[in-house]
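Two complexes are shown next, each including chain A; its partner changes from chain B in the first to chain C in the second.
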Partner chain A sequence: MSINEKVKVIPCSGMGKVFGLMAREAALRTVGQLCPDKAETMCLAYVVTGDAEAEAGIDGKPCITIDGCPKMCSAKSVAIIGGDIKEEFKVLDIMKEHKGAQPGTATELTTDGWTIVDKIAATLHERVQQIHGEGR
Partner chain B sequence: MAEELKIGVVSCSGEDCLGGTISRLATRKMLDEVRPDKTVTICLPLFLAGGQEERMFAKTFPTIAVDGCNKACAKRATEKYSGKVNGTILVSDIIGDTVSESAALSTRDVTAEHQTMVDKVAAEITKQFDAILNANSKNQAGSTATSCGCSCSGGCG
Partner chain C sequence: MTKKYAVLPCNGLDKCAGQMAREIALTVCEKTDSQLICPVFYRVADARYNKIANENPLLVIDGCATRCASKLAAEKNLKIYRKMTVTDETQKHGVTLAIEPLRLWEDEINLCAALAAELIKEEDVAESMAAAVIYPVPGDYLIHTKDKFMFRIPPEGFYFTENDCWVQPVGNRARIGVADYVQQSLSDIMFFTPPPVGVEVEQFGEAGAIESGKAVFELVCPVSGKIVAINKELLNSPEKINENPYEQGWIAELELTNFDEEKDFLLDADGYLQVLKRKVDEFHVNQRKG
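For the complex of A and B:
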C-alpha cells in the first residue's frame, strides 16, 4: 500500500442485531474520530451491489472487516470483491470478554454497549496504525 | 384463515453519509414503533453472503427499499439478488441532497433535528407500507369475490 492509502474499515450493516449496531458504531468512531487520516469506510451495501466503482475502491486495498454475527457478511462480501483483508473482527467474540454485559438493542446502545464500542474502536485504531506502519 | 401479511423494509447500510444513517433509523422506527407486528427486515449484505433462504426475502414479502442516496444500493442489491421491490424511498429526496451527503452520524449524536428527519422518512415509508397492505387486502377480497363466479369484483354477496 502507498503511504497515503487509507485502510478501509468496513462494518456489517447489522440492521437486526445489537452486535451489528456495535460494529457500525465502532467503525464510525475509528474513521471519524480516532484516525480519519489513516482510515476510511465504505458502505457495505455499495460493496454488495458489485458496481465497478465499488470494486475499484476495494480490490487489492487493505481492509479491516467488523462483523456482528457468525454470518460474517462484511468479511465475505469484501473478500468476494477482492479486498485485501488484513483482519476480521467479530463482535460476538469480543462480547465473550464482557460476560453479563447488556449492550442494548439494534436501535440504541446502553452505557455498557458504548463502553464496549469504544474498546473495539481502540483496537481497530491500533490495528489501522500497524497496517499503515507495515505499508511504509 | 389467510396468513397475516408482513412487509419487508430493507435499508441500505449507509456508513458513508447522513442519508444512510437516517435511512437505517427510519427502518428501525418501522420495526420498533410504527408497524412492529407487520414489519420484517433483513441485513442487506445477507443477500450476497447468505444462502437461498435469504435470497427468497423479496419473493416472500412485499418489500420497500430505503436508500440514503441516489446510488440506491438497497433497491439495486435487493433486485439483483432477491427479487423486485414493491416500493422505494430515497432519503435524499426527502431531506435534500446536501444534508443527505453530509457525514454519517453515530447514534450517540442524534439530535432533535435528525429525529425530525427520521420521522419524515418513516412517514413516507408508512404511506407506501399501508398502500401495499391495502392493495393486498383488496386482492384477497377480490380473489374471494371471483370465486363466486360473477364479475362483481367483490361487490356482491
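For the complex of A and C:
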C-alpha cells in the first residue's frame, strides 16, 4: 500500500443488535477520532449492492472488518469483492472477555457498552498503525 | 392509533444523511411497535426478515439519492407503504448537512426527531380530517389514439393542468391525480409518495410523486388547499394509477381555498385534449427522429 493510502475499516451494518451497534460505534470512533488520517470507513450496503466505486475502493486494498454476529456480513462481503482483509474482528469474541457485561440494546449502549467500544477502537487503532507501517 | 411498520432504512454509515436515516428509523421503532430491518443482513440472508417485510406496511428511509434502501425493496419485490429521502427533507427544512463528520449535531438530531414524529403521526391526522364526499365516476371518456396508445380524458367535472394533472372539485373539496398520458409515459408505476396530510399546498405546488422504472413524476397540484386525505390504496397498490388514474388511481383530497379564481388557470377536457394531441404528436415525431 502507498503511504498515503488509508486502511478501510468496515463494520457490519449495526442495525437491530447491540453487537452490531458496538461494531459500528468502534469503527466510527476509530476513523473519526483516533486515526482519521490513516483510516476511513465505507458503508457496507454499497459493498453488498455491488457499487462500482465501493468495489474499486476495496479491491486489493487493506481492510479491517468488524462483525457483530457470527453471520459475518462484513468479512464475507468485503472478501467477495477482493478486499485484502488484514484483520477480522468479531465483537462476539471480544464480549467473551467481558463476562457479565451489559452492553445495552440495539439502539443505545450502556457505560459497559461504551467501555468495550473504546477498547475495540483502541485495538483497531493499533492495528491500523501496524498496517500503515507495513506499507512504508 | 399505534402504527406498526417494517422499517427498512439506508445502512447509514459514511454519510451524514445515512446516519440520519438510521436515527429516524430507530426513533420510529422505539416509539411504535415497528420492526427494523437491517438492510445488509436482509440482502445477504433474507429469511430472518421476510415475514416482517411481508406482513407489515413497509417504511423505506433513504439517506441520499443513491436510494440503496428503495433499490433493495424493489429487488425483493416489496410494496412500499411510505418512503422518505433524508436529503430531500433536509433541503425542505433548510438544514445543511455536514460533508465530513459522521456524527450528528443538534440541528440534525432535532430534524430526525421531527421527521420521525411526522411518520408516526401522519395517519392519525388523515383519519380525523377525511370526510365522506362522493365524487362522481366518469360515465364515458374522450378518447385520443395514436399508434398502439389510447389516451382517455373524462369529459366533465375534471379540470387539467398542462403538466397532465387533474382536479375534480365537489363543493369545497377536490380530488387530484395524474392524467392517462402520465401513467402511459411512466409505464408500470412502482412507488407512490403521497403529499403529507395536513399541509397547505399552493396552486402548481408539489403534491406527492409517483415513480416507475423509467422516471419519477412530481405531481403539480392544480389548485391550492389543504391536503385532507390521501389515497391509501395506492400505498400498497400504486399500479391502480395505471389501471385508471381518474377513478381508483386518485392521489389526494384537498379542502379548496380559492378554486373560483384558480379555475381560470386550468383547462377543461376539450382544452386539455388539444394539449394532449400536441404532446403525443411531438413525442411521436421525436421517436421517429431518434
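As a convention for this text, the second predicted complex is superposed on the first by the 136 of 136 C-alpha atoms of A that agree within 3 Å, B and C clash if a C-alpha of one lies under 4 Å from a C-alpha of the other, contacts with A are read in each partner's own complex, and residues count from 1 in each chain.
Methods note: a contact is a pair of C-beta atoms (placed from the backbone, for glycine too) under 8 Å apart; a residue touches a chain by one contact, two chains touch by 3 or more.
Because the structure is a prediction, the values reported are computed rather than measured.
Student: Who does A:Thr65 touch here: chain B (first), chain C (second), both, or neither?
Tutor: Neither chain B nor chain C is touched by A:Thr65.
Student: Looking only at contacts as defined up top, I'd like to know whether chain B or chain C touches more of chain A.
Tutor: Counting residues of chain A touched by each partner, the higher count goes to B.
Student: Is A:Thr30 touching the first partner chain B, the second partner chain C, both, or neither of them?
Tutor: neither
Student: On the A-aligned overlay, A:Thr41 touches which partner chain: chain B = first, chain C = second, or both, or neither?
Tutor: Once the two structures are laid over each other on A, A:Thr41 reaches both partners.
Student: So in the superposed three-chain picture, is A:Met15 touching just chain B, just chain C, both, or none of them (first/second/both/neither)?
Tutor: both
Student: With both complexes overlaid on chain A, does A:Trp114 touch chain B (first), chain C (second), both or neither?
Tutor: In the superposition, A:Trp114 contacts chain B only.
Student: Taking the superposition on A as described, I'd like to know which of chain B and chain C A:Thr49 touches: first, second, both or neither.
Tutor: So A:Thr49 meets both chain B and chain C here.
Student: Is A:Ser77 contacted by the first partner chain B, the second partner chain C, both or neither?
Tutor: After superposing on A, A:Ser77 lies in contact with both chain B and chain C.
Student: Intersection of chain A residues contacting chain B with those contacting chain C?
Tutor: 11-17, 20, 24, 27-28, 32, 41-46, 48-49, 51, 71, 73, 76-77, 106-107
Student: Once bound in the complex, which stretches of chain A touch chain C?
Tutor: For chain A paired with chain C, touching residues are 11-17, 20, 24, 27-28, 31-32, 41-46, 48-49, 51, 71, 73, 76-77, 106-107.
Student: Spell out the residues on chain A that touch chain B in their complex, using ranges where they run on.
Tutor: Chain A reaches chain B through residues 10-17, 20-21, 24-25, 27-29, 32, 41-51, 71-74, 76-77, 80, 106-109, 114.
Student: What residues on chain C touch chain A, complex-wise?
Tutor: On the chain C side, the touching residues are 9-15, 18, 22, 25-26, 29-30, 36-41, 43-45, 66, 68, 71-72, 101-103.
Student: Which of the residues in chain B end up touching chain A in this complex?
Tutor: Residues 11-16, 20, 24-25, 27-28, 31-32, 41-50, 68, 71, 73-74, 76-77, 80-81, 103-108 of chain B touch chain A in their complex.
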